[in-house]
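What follows is subunit A paired twice: with subunit B in the first complex and subunit C in the second.
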Partner chain A sequence: MFQHLKRFFYDVPNKLEDIWIAPLSAGGVIARNFAPKPFRHRVSSSTMSGYRHNLLRREIRNLYLYQGTLLATLSFFALALFCMALGLGPEEKILRQSAPAILWVLAILTTLFSVPPLLKQEAHEGLLDEILLHPLLPAFHILSKIEAICLLLGLPLILLGVLMSLLFAMPLEDVMMVSSTLLVGFPGLSALGILGGILTLHARGGGLLIALLILPFTLPLLLFSLSVMEMTRLGLDSFAPFCLLISTSLFLVILSIGIGSWALRCSGEG
Partner chain B sequence: MLKGQNISYKRGENSLFSNLSFSVKEGEALAVKGANGSGKTTFLRLLIGLSHPFVGTLSWKGNPLTAKNLSFYQRSLLYVGHKLWLHPEALIKDQVRLWHDFYGISLAKIEQALEMWGLSNRLTQKISHLSQGQTKRLSLSRCHWLERTLWILDEPQAGLDQTGKTILSLALAQQLEKGGSVILATHENVSASKEIFL
Partner chain C sequence: MKHQWARPSFFFKTTNRLLPISFIFTGLLFIAGLYTGLVTSPSDYQQGDAMRIMYVHVPASWMAIFVYAFLGLMSLFVLVWRHPLAEVLAISSAPLGALFTALSLLTGALWGKPMWGAYWVWDARLTSVLILLFLYGGYLALYKAYSHPQQGIRAASLLALVGVINLPIIKGSVEWWNTLHQPASLTKLSSSSIHPSMLLPLFLMAGAYFFYFVCVLILRARTEVNRRKLFIWEAMA
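Up next, the complex of A and B:
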């Protein structure tokens, strides 16, 4: 089993090198002429495989260096949840019913307003030029960033949500369900955060633009996750909305990578 | 190696430069000179494919650069611009690890380059605590460990002391000796094979 998995992860993406080189090789002359002898700028399969694995490690390391910002973001999330719980009053039924929506809305706001500034900071340091000149396609860089944000921001945020759900008098079953919707939906959310960051890199007042451009895309995630919660509460089968939530999240990741790669190339210009 | 013909660039209504032609062969260095605001940085960014649109043709090893083969060309470039791409919150050793992960270059090779640039005893120092010259040295150390055919450097001497400039000259000479090429924007006198004025 492990061998199969290893082969999948190592071999399949190596084929991507052929995809890059193929259009040039098809032309015949270009690929040959572009390869200088004393330098090693052609990416071998093993090097590329190494690049991909290293890239995620680089993003995790890089994000960890912003630990202060991450802690502030998580503190905001916890504080906002606390205030909401206080504001709703002591009525358990109201607290229990409104908790999933509050958790989701705050997760959306926290992600969309904390991820883009991190990207802006990196762009200010000159990361974009490096991404565009890197042997790997920008899509791989965006994917690594999404993965790193899921690991270093998403997981702690979900854990914090589980802890804070005590304030909303949620039964364990509901807590597990809302955490699983967040777990499944967070890749989509972080992808939208990255996309928002890329689209507003050179815009002043980027926060407002993100709200206008990106927030509408989070609605399907919110609606499907709330449907899951509602159907569970009514004792109905929530499999269908859960599957829709997974597919929406995956779709948003793919969409963000596609648009983000194009936008990165455009933002490097001028 | 890299050839540009009749290159013109407009920013809004203002023409930054027009009908520039140049060529850089293997083992040659091209110095780009001009007053502040004359468009040196824009010209260099145009050469690395990060500024569009421009009029004229750029060809690499005899083949005109197009959207299809641009990324292939970019993979043979080393670009050090005004943005030095250093994480301000990182220690130098963290930055080394970030580079190691990003480029897949061995840590030993990067650390060896840092030794050449006189930074090996500052590995535990925060980048935001370094002087301007030291951050420039740190960024330029890429010249020693990132093997690329064509170097495009934007005012590499700015902020460097005499020792730093000597190390840079040695690195440039080494690159040209290996058959690589260098294009650099500069205000200083350098012994480049060719010069272009904007």
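Up next, the complex of A and C:
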């Protein structure tokens, strides 16, 4: 127990906190400090949890290097929301009713458009080959990739959604509800984004559009969360679709971990 | 057995015998099914003659699902045993499945206009079949996106395996959700709710579609095998 704690705090230089303190714009300086170091293989004395801790840290650090892409993605989300709100006109009733669907569809599109290029870049820099060489199963790496994307893309996206919901004249309960469905559904969404990215790693040009072929699998998330919103709007108990949403999201995570590690191995063999 | 089928010469020899038989069956069953369906079977007491589109619509939907199940099975063979014939069969069955799905959606729309008053309604069955069409499209697009067919087929097979989830959803969509589309009339447990005079042409048409699928699958698979030969020769030259 004590050894665990010791390694948790001292063994790896602990810069994780800095990420959360630093504003995104000051990232250039931090990114230089966070340049990915060669990953140390510690086969002998590691428990699973120690490995997992390092994996998540590593993924967050790698993802943070692409903060420009993440920032562009988030601004795409915000601008698209703005355009939709403008296009729907000032009718408050229409805005309020269509806001959850628009938020969800844009979140899906943003994730599916932004995650596969990130993976492609990681593959280009050889980070995915490292995964195949690592003693731990690729499934754990993919899981920590999903977690990292949820933290660095999902959370800011949801916060941005809350902020932009002002444009849609939504009541507070609706805002809370739609952001909680996004929070619950985002693991499944990012898992699918990663699966699409791995499947299209070596596809030639136009890979961006090809990544959209994973889009039909995101539909259950969309449907369940919209039924949650519908129930809330009608004043009914929305617990059942919410549970379905959670289970679908977790199922998608498990599915893309399994299929994704299989696909990663296939693409590694060439 | 498994290894024998991987030999192209064995495949060609077997299908040489299979192809004419299935051609004959296709022709006979289409003639018989269309004749009994359009001429001799009675028209529905509510829907009139518009109901006769069922003999095109229902077998097409069955085949759309059957072909996807076949595709899923072949994808499993591709991924687990790396069987070359499975690759060829999978990639040559996908456009056929897409064709059946499109036919099913089209005839369904034509049937829906007089019966429901709209070509398209947002119904669980219709939506899940449309997603099936997208899955076929995604499979083909992913295969075509790779320059090397061997790499493309593996990525596409993984996608096809994930898409198998859609099949039970299509099957259950009329029972789980309250929909406009009627539930299945033919079930294993209870006796059929269709009169035999309408059931016979339905089964004849289903057989015709099935043998059509077999014919075209064999032809497409042969073309694909020959294309792979050319690919290898080009690489060797």
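Just so we're on the same page, the second predicted complex is superposed on the first by the 215 of 270 C-alpha atoms of A that agree within 3 Å, B and C clash if a C-alpha of one lies under 4 Å from a C-alpha of the other, contacts with A are read in each partner's own complex, and residues count from 1 in each chain.
Heads up, the rule we're going with is that contacts are C-beta pairs under 8 Å (C-beta built on N, C-alpha and C of every residue); 3 or more make two chains touch, one makes a residue touch a chain.
Quick caveat: nothing in here was measured; it's all calculated off a predicted structure.
Within the superposed three-chain model, A:A263 lies in touch with subunit C and out of touch with subunit B [touch as defined at top].
After overlaying the two complexes on the shared chain, residue contacts for A:R58 are found with subunit B alone; subunit C is out of touch. Of the two partner chains placed by superposition, only subunit B is touched by A:D129; subunit C is not.
Set against each other, subunit B and subunit C differ in how many residues of subunit A they touch, and the higher count belongs to B.
Of the two partner chains, neither subunit B nor subunit C is touched by A:L236. In the superposition on chain A, contact of A:Y66 is made with subunit B only, not with subunit C. On subunit A, the surface patch touched by subunit B in one complex and by subunit C in the other comprises residues 270. Across the complex, subunit A meets subunit B through its residues 20-21, 23-24, 29-31, 33-34, 36, 38-43, 47, 50-51, 54-55, 57-58, 61-62, 65-66, 68, 124-127, 129-130, 132-135, 137, 268-270. Within the complex formed with subunit A, the residues of subunit B that make contact are 48-52, 60-63, 68-69, 71-77, 79, 81, 83-90, 94, 97-98, 100-104, 147-149, 178-180. Considering their complex, residues 195, 199-200, 202-204, 206-207, 210, 213-217, 219, 255, 259, 262-263, 266-267, 270 of subunit A touch subunit C. Every residue of subunit C that touches subunit A in the complex is listed here, in rising order: 79, 131, 134-135, 137-139, 141-142, 145-147, 151-152, 154-155, 158-159, 161-163, 166.
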